[in-house]
Each structure stands twice: as structure tokens, then as C-alpha cells.
Amino acid sequence: MNRLAVELPGLSLKNPIMPASGCFGFGREYAAYYDLSVLGAIMIKATTLEARFGNPTPRVAETPSGMLNAIGLQNPGVDRVIAEELPWLAQYDVPIIANVAGSTMEEYVEVAKRISKAPNVHALELNISCPNVKKGGIAFGTVPEVAAELTRAVKEVSDVPVYVKLSPNVTNIVHMAKAIEQAGADGLTMINTLLGMRIDVKTTKPILANRTGGLSGPAIKPIAIRMIYEVSQAVSIPIIGMGGIETAEDVIEFFYAGARAVAIGTANFIDPYVCPNIIRDLPALLDELGVDHISECTGRSWNNGSTVHCGA
Amino acid sequence: MNRLAVELPGLSLKNPIMPASGCFGFGREYAAYYDLSVLGAIMIKATTLEARFGNPTPRVAETPSGMLNAIGLQNPGVDRVIAEELPWLAQYDVPIIANVAGSTMEEYVEVAKRISKAPNVHALELNISCPNVKKGGIAFGTVPEVAAELTRAVKEVSDVPVYVKLSPNVTNIVHMAKAIEQAGADGLTMINTLLGMRIDVKTTKPILANRTGGLSGPAIKPIAIRMIYEVSQAVSIPIIGMGGIETAEDVIEFFYAGARAVAIGTANFIDPYVCPNIIRDLPALLDELGVDHISECTGRSWNNGSTVHCGA
Amino acid sequence: MKDMMTVVSNRPIAHRIYELVLSGSLVQHMHIPGQFVHVKVGATPLLRRPLSLCDINQKANECTIIYRVEGAGTTLLSQKARGETVDVLGPLGNGFSVTAAKRGERALLVGGGIGVPPLFELAKQLSQNGVFVTTVLGFQTKHVAFYDEKFASFGEMYVATVDGSYGMKGFVTDVIRANDLSFDVLYACGPKPMLRALANDFPHQQVYLSLEERMGCGIGACFACVCRVPHSETAYKKVCSDGPVFRAGEVLL
Amino acid sequence: MKDMMTVVSNRPIAHRIYELVLSGSLVQHMHIPGQFVHVKVGATPLLRRPLSLCDINQKANECTIIYRVEGAGTTLLSQKARGETVDVLGPLGNGFSVTAAKRGERALLVGGGIGVPPLFELAKQLSQNGVFVTTVLGFQTKHVAFYDEKFASFGEMYVATVDGSYGMKGFVTDVIRANDLSFDVLYACGPKPMLRALANDFPHQQVYLSLEERMGCGIGACFACVCRVPHSETAYKKVCSDGPVFRAGEVLL
């Protein structure tokens, strides 16, 4: 028995560990460090319809136990991803989850339609944190109806299961999740980054050229855990969890909160071997915890009562 | 000239540094470490109508560069605060900002009415992150109309200016701030804690007895900076900033983002002398930055363009 | 009071148990057994760690702390070498009432696991006051036991281990019963179930218990560490500043 | 490649400038001047810090890095003592083309401030190849200048300081003009305005420039460090993996 194998819509994973979108490019760089086939899956970088250069630099800034990024969706466009990146990745025995982004619903739909037909793409991940240019730049992922509409539209054209990536920058993550579940999403991935900013005291200017950016890394882990805990008890579709994972213990914490698999982002930058290391460490940790199979960990800390907190 | 003096509605501060509510009790403990008169002001612990015991323990949990708390509004009730704590604080030459909390609008109003009459209370701080028991436990601070209504009601009865403390757990902090400004608030304080959670891998249980709690400390600083940056450019009432401040440099970063004064919470636990130390360090830092008066720092990094970010 | 103290020595004395000797002028303020220090181990982790004073040596300007390597903080602490410094806030809290036991009276000291350390300074001071000290130490197993010989130098010393690998098999309460140990004052520090058992077993005697609770500030300001008081819905005591030592019955366990 | 390397020495050589010598088997993979290592200084700060290789000593299994104390990372690095370890990822990036300058040709090495270090290994290798090395070093002021004598051992060496406290008053470009320095290949590392000025002054010659950019991964995966390429809206190069050294004109400065 493979104690780490996990079954999710469209995804038969040999283990539940995958690099998070945008933190692993299209895998080429990490392939120099280890065999990508050891991974459960790979979430590739956000892909848009046309090639994009992204934001001016600086694009990253460090924060206490975290980092801000404002890459700005730099990517070669869906057709080149299909022509160049996915075939290259096909040499590895690893399912690909394609991260789909856009500025309009039409763009998402078109990217999803095309990329979901690639043979090694086993699922889509809709990055709904992007601003909707037709709706005054309000992110798709902050209005339940808009996110639901987008989900439905993408589901209609996708050849593979669709996971929707939740933005944590919302008042009620459970409302969002339920709307997206009802719209037919096959799964959720969460959380994307929190909006943040840093200012350089010497120059008086924001450090990021884009001024604001997305906060990731260990700093956001408690927020991710809380949101996964809440959402996983409110929906019945599976959740791939992410946000600050660095160790096998962190992975178990996400499973206890309700995740069925996890993704690792920022930690890849700190240690390129972090994913294979976690995969290596998990069996011994399961032994220590007296758990046969990692799936048994999902939702272990669930509790039906609702929680209340007052910032005090 | 006092380079650190700051004027805010109801508050003539000798410097813009004050301990944040809930992180300094009613000052008694820190008075053993230094003379409280050195402080710009003191934000005292949240006060409710009746005495409350608060949540079961454990009430705190550590996170990367942060901590979670779920104290649960423990306090002796407004009448004892007025009878015992405020008169004791009156021995110090320091204005008090009274943090007002409640489970219903009526409770807030009653607490505000009573405590705003205390002679050394120079302003109120409405802690609107509390769940509204009459509205299904949805926090006052997450629905603009509810927050506005509460602000109006408290303004009507308060003898002193009213600052409203924004919860960061919202989709659009600018909407909240504007609604509260229109309702007549004299100022804003921000940010309160972010909702988070930690699970103990050994026990499978949440570490906090309350399960979720409020995330504070350096981890949330980039989120606070971003929100203050956005809100300060959208409203004309002053902002007292907080969230992860540890050093004089952090204070300047908050001013650049748009704060006119700052509060220090979690850092008091790590170094009881943090507030006087920052007050001591600020003049030299102003020299280094070539700034005569700290007020000149407010909003130095403002920029009219709006920012856009996509979590990618 | 807060100061940087210097590591004099820091060595393992049992499985994952370290004995840390610190030197600094803060020692001149340390007098009462059962008080603790709140230690900032490095830039990370963020919060301080409460650790009990185990031995106070005013003459040498040194104090000893014994800690078990648990998580990030104590792991980092275990890596501190002689000459390095740690940031210490303290002494904090209300310790054991040494004077509760009078010259010629019998004190029973009961320690469980990592609750043993503060009893050492207590045993020292009681002995100096002419109190007869009997100690019962409970551990999980032999290889995590420590300071047993040191306690034996003050008087009778019993050990219980859960697995029977050292001393009597069982709990400290079993030892007390088996040996019919009697006392004028009982002082205890250890896991809550042990404290509860002791409070239950000796409801009519002078019993002092040292409690543990997760802490924020450590000085009474944040209300993280409260415990309930009998017969009240809202009354409370703070472990950090009212305790960590309480009279049995004073707070709900 | 990633490994723990051991601090051999770590000492200040100018105001806030440190010279760090590291030892470890990773050195056997270090060959190319202008490459950098990505250093994790401790548990905090979170991200690695890119630092150029300044000297590679395969025989001794040692490499040298020179860094300026700027913020949290370099401050912590400056506190590392002999025998301590640092976590090093590297060597990374594409360094200077040593072979661009042939035996008997003249190489002009231009370094500004903390851009000076990678030129040292470059000067060494060029000299070994029989290339004539002239160096121009620019600093803010005298007390932050370093390695001037070391560079002088390879050939002509000029210094410019902004305040005129050492060498010529002005910028490296002033030195080049004043001394009418000519070359077959120019190699430069330093602040962007300096690199821009050099690229403008010598549009028709072989010019290699080493760039700096804030980095996430350091290996080409995160797209933090891109720069634009002439005549394209979407084309880019990554400083970490395509650079940090580029031919002038290859990327927009």
C-alpha cells in the first residue's frame, strides 16, 4: 500500500505534495535539482491567452516570515505553454494542474478550453484573484456571483476537472467556497496570497514597483489553516491546501484542518529540495502519529461548533 | 519644538506612540517597568457593560513572526473600569483612549456613554470586530451599514471623539472606512487582528481552546501597511496605525503609509520597554531621514494611482 | 527587570533535558523558589519562553535553569554555547511560600517531569531553614530522570516512573501512599493531573501547587494565562503574576 | 547544489564591509567569476541573499565573499564566527566571459562600491590567461574602499571617490576619460547608473555588465528578477539565471 497516495477528481496522486503555481515556473529549473516524477503533481505558472511581460521590478520584497510578490502574470501565453512547456513536462510521470488566469471571463474560458486538452494536464486551477477589467478591476475572486459565473463558464469548456483557487482577501471565505461549489467546481485550492505592502524607510517609496503585492510564506499559515478549517466543513468538494508550508508537520496540520492534498510555494525558494524532502519525511511522521494512511489525517480536528472571535 | 507632538481629534499627544488595546491591560503592570507619562496615550483593554471572564485557556498560540490570541474580552465591566482603573491611571500625565466592545449595539452605546464621561478618557476606540449576537454572530466590523449604524449611535452619546477600529477581515477595507467616516467617526484605528488558527500536530486539536483567534505581530505588518495606505488616501479623518510594529523604523513605515500616530501591541510582550525605546529612538531616526517633525512623514509614500494585484 | 545574561554552561543531563547556567546581575534580584524567568532565545521564535528558576547562586551571580527540548524555542536554547547571551525578563511571578514550613516541620516536595526544577531551590532554602525535606520525583522513564541525587542530599528521596524502569512503577501519588508519607506542608509542581490528584488526596492540609499555562506577556497584562477561582463566574487569577504558585483550593485546576 | 559551508574567517575590511571566507565541497563546483551564491543566513530572515563569488580557491576548498552590511541578512551574516555554518545554494547564474579577452589583450575592469568583489576572481583568471588587466574602482568615500591593493597587483589600478577623499574625485567614468583608458573588453559591476554610463560611453566595444535585482528563488523559477530585452514587449531575461552578467545591449538597463 502506498501510504501517501491520494485520489482527487482527475488526479491520482502518488503523494499529496505538489509545488504551488508561480513558485515552480514550468518545472525546468527544479528538474536540475531532482527528478520531477517524485512529485504528486505540479501546479504550473499562471497562463493567460497572450504572452505577458508582467510588472516592473522590484517584484519581490521580504517581510517577517513572509514575502510579497507582484510578478504580474508574466507568462509566454497559452499556445506556447501548450507547444513548449507541457510537452517538455510530459517526460515526467507527474500530472499537471494548469493555473488559468485572465482579465476577462472570455480570456479565462479560452485559456481553459485550450489548455485542458493537453494530454498531461489532469486538472485546471482557476486563479480568480485577478482583477476583472470589465468590472472596474474588482477581483473575480471577491464577489461570489462573479466567481460562480466564471466557474460555470470554465466548467462548460474544460475537458478536465476544475479546481478554483480561493483568494483569502474576502470577508467570508465560506460564502465564496459555497458559491463556487454550487457552480460546479470539482475542488478548491486555497489560499492564494494576501494583499500586502512594504515601504522603504530610506526612499519613502513602496519596495515593490507595483506598490502592493501578494503575501506568502509561513506568516500566512495560520490564516490558511483557519480558512481551510472553515471551508472544508462547509463544502463537500476536496481542498488542496497551501500557505506557508515548510515541513512535513505543516502538511499534517493542513490535513487536520481539512485539506486532502497540499501545495508548497515560497518554501521552494528557500530550499529547492523542500518538496522531495517533505515526501521523504512524511512516512516516518505518520508512524510517529500512529496513522496508516495520510488520508486519515484529513479533517481530524474538525468540530461542528462554530467559532467566534473578537480580536480581543 | 517637540518634534514628536501630534494633534488628533480629542488628543494632544506629546508623541504618537501608544500601547494597543488588550496588550497593556490598564497599565498597572507596565508601570512597574517605566513611567507611563512618557507615552503619547494609552489604549486600554476592551471594556464591556458587565464583567466577563473570557474564553477558556489556552488563549494564545505562537505562529511564524506572530501570535494568535483568543482572550475573549475578559474585563471587569465598565463600572469597575471607571471606578478602579481610570482613577488609578489619572496619576499619569497621559490621555486614555477607551476601547469599547459589546455583543449588541445597545451594549456598545451604554459602555460608550458611561466611559466617555471619565475625566481622563480623551477618546473612544470602538472595537467593531466583535460578533453581533442579534445578527447571527456576524461581526459588526464586516458589514459597512452595520458599522456605520453603530458609529452613529455611539457618536450620539459620546462626550469625546470616537475612533473606530477596523477589522482587516474584510474584502474591501476602503468601503468600510468610508461608511464609518460618513457616519461621523472622528478617526480610525487599524488594524485589528486577522482571524487565524493553529493545530497541534501531536494532539490533532486546535491549540487555542477557542479554536480560532486573532493574528497579531510582525507577520501582519505588510497587511496593515497596505490597508492604511489604501484607506488614508480615501478618507480625510486621521488614522492611528498598528499591526506588528517593533521599531522606530516600523513607525516611520506606518507614517509613510498614511498613519498620524501608531499603537504597539504584541511587541510589548516581547520587550516591556518597547514603547519608551521607540520614543527614545525616533528623534535620531528623524535626523537620519532629514525630517524636522514626525507629522511630515504622514503619507509620504502616497500615490494617486490605484494598485492592482493578482496573487501572481 | 530585563537583561542580557551570559551562558556559563548548557549541557544535557538526561534525555532531551538540559541544565543551563546563566550569569548576570539579574541574579541579585532572584530570591524566591518557584519564580520564573521569561526568556527570549533569539530573533525567532517571536515570544518569550517561561522557565522556572532551579538554582539561585547569589554569590557566583549565577542561576540555573533546567529545561526539556520541546519545540522551536527550547531547541534553539539547547544550541546556545558558553559565552553567548540570552535575553531574560524576570524574575517573575509569585513563588513558593518558603516560610509556610517552619523549622523542624516536614515538607513534602512532589515534582513531575519538567516540574521538578523549581523544587530544587525550594529544597535548598527549606533545608537552610531547618525544615525536613522529603522529595518524590515522578518521571516517564529512567532516561528522562534527573537531579534525583541532588534531592537525595536534602533528605529522603523517592522516585516513581510510569514504566517502572527506575524507582517505583506508577505515579508520585502511588509513592506517597505506599510509603505513607506525611508532611506539614506539601509543595508540588508538575502536570495538571498530578496536581489535581494531590489536591484531592490532601484536602485539609497546606498544599502549594505550581501551575503552567501558555503565556503572552508573562507579567499580567495580556490575560492569556488566567485560571478560574471557585464560586465565581468572572473572578480569576493570572498564572504569570498571581502564580505560578497557588494554595490548593485557591484556583480551579 | 546546496550545502552547509563552514566559516573560516569573517572580518571587517572597510566601513561596514566584510570579507567572509567559507570552506566546503561546494567550492569544487565554483569556477566562473561573476557567478553568485544564494545564502540562507539563519532561521530568519526568510529569503536567501545573493552574494557574488569574489575569490575561488579550489586547492584550499575555500571561497571568499565580500559583503556590505545593509539590513537584517547581512547584519546577521556579519555576526557569524569561525566554525559556524551557513546554508549556501550555488554557484548560480552566468558569470563573466573570461575567454572574451584573449592572451595579450587589454581588459578594463570597472567596479562600483559593492560591485567590486566579483571582479577580483575575474582579474585573477584574466591575469592567469595572460590578459592585461586595468582596474577602475569607484567608492563613495575613502573609508568604504577595499581590495585596491589586491587589484593593483594585477596591473594598473585607479580609484575614484565621490567626495575625493581617495583617488580622483568623481566617478569611474571620469577616471576612464581623464586617463584615456582603452581596452579590448570591458567588464563592469556596480550600480545601474554606472553601468548605463559605461554602456553609453562604449557602444561599439565588447562590454560585459553584471546586474543586480531583488530575487526570490535565484534559480530562474519565480520571475522576480527579469529585465526587458530591446525591441520586444514581452521578451525578457532573468538576472539570476540568464545573468547576472549580460553583454551591453542584450538587456535594457
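Each chain gets a letter, A, B, C and D, in the order it is written, and its residues are counted from 1.
One rule holds in what follows: a residue touches a chain if its C-beta (ideal position, glycine included) is under 8 Å from a C-beta of that chain, and two chains touch if they have at least 3 such contacts.
For clarity, every value in this text was computed on a predicted model and none was experimentally measured.
K.L.:
Give me the chains shared as neighbours by chain C and chain D.
P.N.:
Looking at chain D and chain C together, no chain touches each of them.
K.L.:
In terms of CA centroid distance, which chain is the most far removed from chain A?
P.N.:
Of all the other chains, the one whose centre lies farthest from chain A is C.
K.L.:
Distance between chain A and chain D based on Cα centroids, please, to the nearest Å.
P.N.:
Distance between chain centres: 36 Å.
K.L.:
Quick one: chain A and chain B, Cα centre-to-centre, how many Å?
P.N.:
32
K.L.:
Could you tell me the distance, in whole angstrom, between the mean C-alpha positions of chain B and chain D?
P.N.:
Taking the average C-alpha coordinate of chain B and of chain D, the gap between them is 46 Å.
K.L.:
Could you tell me which residues belong to chain B and also touch two or more other chains?
P.N.:
Each of 22, 45, 63-66, 69, 71, 217-218 in chain B touches at least two other chains.
K.L.:
Residues touching two or more other chains, restricted to chain D: which are they?
P.N.:
44
K.L.:
By the document's touch definition, which label belongs to this structure's chain graph: line, ring, star, complete, or other?
P.N.:
ring
K.L.:
For this structure, enumerate the chain pairs that meet the touch criterion.
P.N.:
A-B, A-D, B-C, C-D
K.L.:
Under the touch definition given earlier, write down the residues of chain D that touch chain A in their complex.
P.N.:
2, 40, 44-48, 89, 213-228, 233-234, 236, 241
K.L.:
Going by the contact rule at the top, pick out the chain D residues touching chain C in the complex.
P.N.:
It comes out as residues 42-44, 76.
K.L.:
Looking at the complex, which residues from chain B come into contact with chain A?
P.N.:
For this pair, the touching residues of chain B are 21-22, 45-46, 63-66, 68-73, 99, 101, 127, 129-131, 137, 139, 142, 165, 167, 169-172, 192-199, 201-202, 204-206, 210-215, 217-223, 225-226, 229, 244, 249, 252-253, 256-257, 289, 300-301, 303, 306-312.
K.L.:
Which of the residues in chain A end up touching chain D in this complex?
P.N.:
Those residues of chain A that touch chain D are 22-25, 28-30, 32, 45, 51-54, 57-62, 64-67, 69, 71, 74, 76, 207, 217-218, 266, 268-273.
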